[in-house]
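Got some structures for you, see below.
Paired with chain B in one complex and with chain C in the other, chain A is shared by the two complexes that follow.
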Partner chain A sequence: MRTIFYLIRKEFIQIFRNKFISKAIFAVPIVQMLILVPAVTFELKNVKLAIIDKDMTSESRGLINMLAGSTFFKVSFSTFSEEEANNLLHRNKCSMILQIPSGFGKDIGNGKQGKLLATIDAVNASSAELTWAYFNGVVRDYNMDLIKKNITSGSFFPLPRIEITNRYWYNELLNYKYYMLPGILVILVTAIGFLLAGLNMVREKEIGTIEQINVTPVRKYHFIIAKMVPFLLIGLTDLALGLVIGKVAFNIPFEGSVLLMFFGSSIFLIAVLGLALFISTYSGTQQQYMFVAFFCMIIFILMSGIFTPYESMPMWAQDFNLINPVAYLMRINRMIMLKGSTISDISRELYSLVVLAILFTTLAVRRYRKTV
Partner chain B sequence: MNNTVISVHNLVKKFGSFTANDNLSFEVYAGEIFGFLGANGAGKTTTIRILSGLSIPTSGEVNVAGFDAYSQTEQIKKNIGYMCQKFSLYEDLTVKENIILYGGIYGMSKSLIRERLIELLAKLRFQEYENRMISDLPPGLRQKLAFSVAVLHEPKIVFLDEPTGGVDPITRRQFWESIYETASRGITVFVTTHYMDEAEYCDRISIMNDGKIVALDTPERLKKQYNATSVEEVFIKIARPDT
Partner chain C sequence: MKRFLGFVKKEFLHIFRDYRTLFILFGIPVAQILIFGFAVSNDIRNAGVAILDLSHDEITLKLTDKIISSGFFKKTETLLNYKDIDRVFKKGKTKAVIIFENDFGKKLISEGKASLSIIADGSEPNTATLVTNYTTAIVNDFTTELAGPVLNNSIRISPDVKMFYNPNLKSHFMFVPGVVTLILILISALMTSVTITREKEFGTMEVLLVSPLRPIQIILGKVMPYFILSFINVLLILALSWLVFDLPVKGSLILLLAECMLYILMSLSLGILISTVSGNMQQAIFISLIGLMLPTVLLSGFIFPIENMPKIYDYVSSILPPRYFIVIIKNIMIKGTGLMYIWKETLILIIMTLVFIGLSVRKFKIRLE
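After this line comes the complex of A and B, so read on.
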């Protein structure tokens, strides 16, 4: 046991003697939180509209005013030429073309169906769907106004209708930052776990110091644990730093137990560090390691459900996520921070992480060869 | 003198179809300085790696400090010191930090490490270097220190793989003084070298060529046998018999 202490001390001296790494460890979380949290958003605002109003009646203008009045849309162009509008869409000057054919106002006045044509740029499918949904919402409101007007003028019977009152739980204002911040924290911890320890190990191989270690009676698991502990502590320090920034800069709510989050993150870090060191046993150079580790990290992060809902992934992807530690921590962090989940709510995720931590660390220790 | 600490019988080590060690047999006795000579690529480093438990033999019997080189590599490692041609102390640690680290790895007590550290710094006249980083030391000093660290835990055998490569003659001389001093403490020294004048200092030498041991005896007897005035001459006669 005393050996581990000597080895850990050596790692810490080396990390903090490296001027670049010792600063980067603290700079990275600050930069990442301040840039990514406000930048990564799916919220749609100010969708640029090009409008072809061939009707030019008070009805068509009423609709346009409603669109312009909503926060989602911004009427950027008005034209009578379809070609010009298409051109604008093509050059990314607008994201949607609304065509109001002549006779729109007349048809409505006559109690017939008014017709509209919306053309939406669907290069980004999800934002196209959102645009469509917002547009639908505005048109629905406009419809209701029409119906109300007709009711008061007495020419229609009141229509039975269902009114829905909705409440958004856990994130009432639908603040996207609240959703992304726990996820960005996961990415932060993942990067620390994946890159630093693995590179450190491969560097010892490159320099040759590992040979001097291998010729000593040091136990394999001592050496692996000594490589893990410093980066585990650094990861947790960065997590704390990230949380403080979240509180100070974004006033993020924290419903659950901070301690529980650190507990979950510790198990997660052991799993990721184990995997990183396992990969490092296969790599002879830092370049080889970076390539493989980066590849794994990107897959893990993108499949974790940080951007896309976990449940809407295909079944095979959900199965893959059984061995994806990032997916578990993503859920744990969001549930703790936004829902205030307790240990029993996230026990399945925690158990899974424990299994992965044991699995990956065991693999790393077994694959690490002192004698070839 | 016939207390065997290393015994090797029919050692073969193959890498794919390449035979690095071809049927080696030799013994090394306690307390002697055993010179392990051979041209570049003759297979010396392969043998040293096997003897120090870093590499498993393909076949043959190998016993180091009473332990088997197939199944007891970790016990071997407890009983040996090792210093390889590639300098292997941590360059970003200080002299003191390196000594404490290796002392700790070998399970030495805190007070013993402290004691050895002071002793070692005094012996090497290293006091002013105690808190200097290894990367700031000249190569000669680094190698002396690496050797001292390799015997810090008083092993039974110390393996030195070209310890004096790229070192000036004065430092080499001092280095060999420490080797003598170490051997006089009863530590067996197993050393490979390219410098034939150093071979003269060994109690016994073996000469390797193409993975085989072609000569093994005291320097004096080898010189007599090959009718040579120096080990260098012996070596050239053996390595290039046609010239």
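After this line comes the complex of A and C, so read on.
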């Protein structure tokens, strides 16, 4: 036990001797959280419209006013030339062109169908879909207004109607910060733990100091534990800092148990550090390790469901995620923080993380050779 | 010149000797493209919904069936009372609960009006919005079917849509340019900064500096192989997106490759700059990986459009080179526009490259400290 304690002390001294790293491991997460969390949102607003109104009747103007009045659209340009409108689309000055052909007002007046043509910049497919859906919503409202105006009360008979009300629980206003903060926090903790722990180990190999440890009676697991503990503590400190920022700067609620979150994160960190040390036994140079780590991290993070719904992934991807610790913590953190899930709700994720932690750490200890 | 070529050859040998790194260098973009192409998407598929049916009549059963069989949803549970809602949400599998009021069918037929509520799990805002929208659309469809011809006559306006640049709404149009942007800057900056700091850390930089090679030749020699490797990476990604996703380059390929070279050059000079400010490899890796990765992914417009962010991010992101390159590559690849539309972004990248090189030259030390 004393050996481990001394080794851990040595690691801490080594880490904090490097002036840059010792500051960066705390400063970088803070700065990135403060800058990145408010930035990311899928919410679309002020979609820029260019309008070609060839009709110029009160009907077409009524529709334009209705579009301009919605918070979703912003009428930025009004032109008569299609070429100019297309040019605006090319230049990214607008994201949608609405053409109202001449005769639109007359057709509506005569009870015929009025035609409209929308051209949407669809490079970003999901934004385009959303824009189209909102546009249809506005047109539907406009349509309803027309019907109300035209149908006299006598000929009106009730259509069956299902009234839909909807609510969003846990995040009434669909604030994206609630969603992103736990996610970005997981990434930062992963990146720092995974990268630094492994680099630290390989560095000892690369500059040869590992030999000096190898000739001492230090046991294999002593050494591995001593390499893990400092980064575990640093990771948890970063987590705490991130949560404080969430509370103080962004006022993000914390519904569940803080203790449970730290418990889950500790198991997660043990798994990740175990994997990092396991990989490091295969790498001879820091450069090599860094690339393998980078590769793993990118795959883990992209597959974890940070930006995209987990359930939409194909089966093979969900199977892969059984060994992806980041995917478990992503769910655990969001569930505890936003929904107040309890230990029984997340038991499956916790068990899986425990299994991964034991697996990776055992592999790391077994693969580490004291002999050359 | 011969000396220089010899030096470049030495650097190449260093790289090729480490086949594992080389493998990963090309493996990362391939993996990313495949993950974005086949594994992750923003669509809703099999989202869990739970039903709280207080009426339990023919119409609610029919509507439930219609919702579940739409392919977007999967029924997780049938709830019996309101108290259960919190419980199923906390378990995390259920994204929305659909509630039919008491006597739903009876009210719909006799009063012509019934109400339904959708409670979505707002802790995942994007999924919550999509699930709500899809359910609403399905319910509206259902009402239209019930109403029959009466409602159809009242539709007066029929908008047509043309999805420009991307008629089939493929998500590839978004992520292929994004992956190129991300991979090039990370790999180029990372590789250069690490390889130069490595020489510093092990003291071999001294050996190089006392050699007859001039400092500029040393740096160029170090950077040259990575320039070529990164360029091969570009070709690999473009070929992959063409073969696997059928996404060809719409504009001029030569212009695109030239812009990629400029961007690689910019990333390499950024890498050199990072190496001049870092004392050891860990520091260089920390700056170029942890410092660059998240901002590049999140603030460049790769996944999240900059227009949707708060106004201030327009300025914050303007110091990030990837932001400009993403505009350039999207314009050439997808919109097929020429230099006329992107000269501003190109100019900014050129200026950034010059600034990075200028700063590195000033900071580069050729003496012992």
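Basically, the second predicted complex is superposed on the first by the 361 of 372 C-alpha atoms of A that agree within 3 Å, B and C clash if a C-alpha of one lies under 4 Å from a C-alpha of the other, contacts with A are read in each partner's own complex, and residues count from 1 in each chain.
As a convention for this text, a residue touches a chain if its C-beta (ideal position, glycine included) is under 8 Å from a C-beta of that chain, and two chains touch if they have at least 3 such contacts.
Keep in mind that this is a model prediction, so the values were computed, not measured.
Participant: More residues of chain A are touched by which partner: chain B or chain C?
Facilitator: So, of the two partners, C touches more residues of chain A.
Participant: For A:I343, using the defined touch cut-off, is the partner it touches chain B, chain C, both, or neither? Pick first, second, both or neither.
Facilitator: After superposing on A, A:I343 lies clear of both chain B and chain C.
Participant: One more residue to check, A:A249. First (chain B), second (chain C), both or neither?
Facilitator: Touch status of A:A249: no partner.
Participant: Just chain B (first), just chain C (second), both, or neither: which does A:T3 touch?
Facilitator: Only chain B is touched by A:T3; chain C is not.
Participant: Where does A:T371 make contact in the superposed view: on chain B (first), on chain C (second), on both, or on neither?
Facilitator: First partner only.
Participant: A:P217 contacts which: chain B (first), chain C (second), both, neither?
Facilitator: Only chain B is touched by A:P217; chain C is not.
Participant: Contacts for A:N18 in the overlay, against chain B (first) and chain C (second): which applies, first, second, both or neither?
Facilitator: Both: A:N18 reaches chain B and chain C.
Participant: Under the contact definition given at the top, report the residues of chain A touching chain B in one complex and chain C in the other.
Facilitator: Touching chain B in the first complex and chain C in the second, residues 18, 207 of chain A appear in both lists.
Participant: For the complex, which residues does chain C have touching chain A?
Facilitator: 18, 20-21, 24-25, 27-28, 31-32, 35-36, 38-48, 74, 85-86, 89-92, 95, 108-109, 112-129, 132-133, 135-136, 139, 142-143, 146-147, 150-151, 154-167, 169-171, 173-174, 186, 190, 194-195, 198, 202, 278-283, 285-287, 289-291, 293-295, 298-299, 303-305, 307-310, 313, 316, 327, 330-331, 334-335, 337, 341
Participant: Please output the residues of chain A touching chain B within their complex, sorted ascending.
Facilitator: Checking each residue of chain A against chain B gives 2-3, 5-7, 9-10, 13-14, 17-18, 207-209, 211-218, 370-372.
Participant: Provide the residue numbers of chain B that touch chain A in the complex, in ascending order.
Facilitator: It comes out as residues 52-56, 73-75, 77-78, 80, 82, 84, 86-93, 97, 100-102, 104-107.
Participant: Could you list, by residue number, the parts of chain A that touch chain C in their complex?
Facilitator: Per the touch definition, chain A meets chain C at residues 18, 20-21, 24, 28, 32, 35-36, 38-46, 89-92, 108, 111, 113-129, 132-133, 135-136, 139, 142-143, 146-147, 151, 157-172, 174-176, 178-179, 184, 187-188, 191-192, 195-196, 199-200, 203, 207, 283, 285-288, 290-292, 294-295, 298-299, 302-303, 305, 307-309, 311-314, 316-317, 331, 334-335, 338-342, 345-346.
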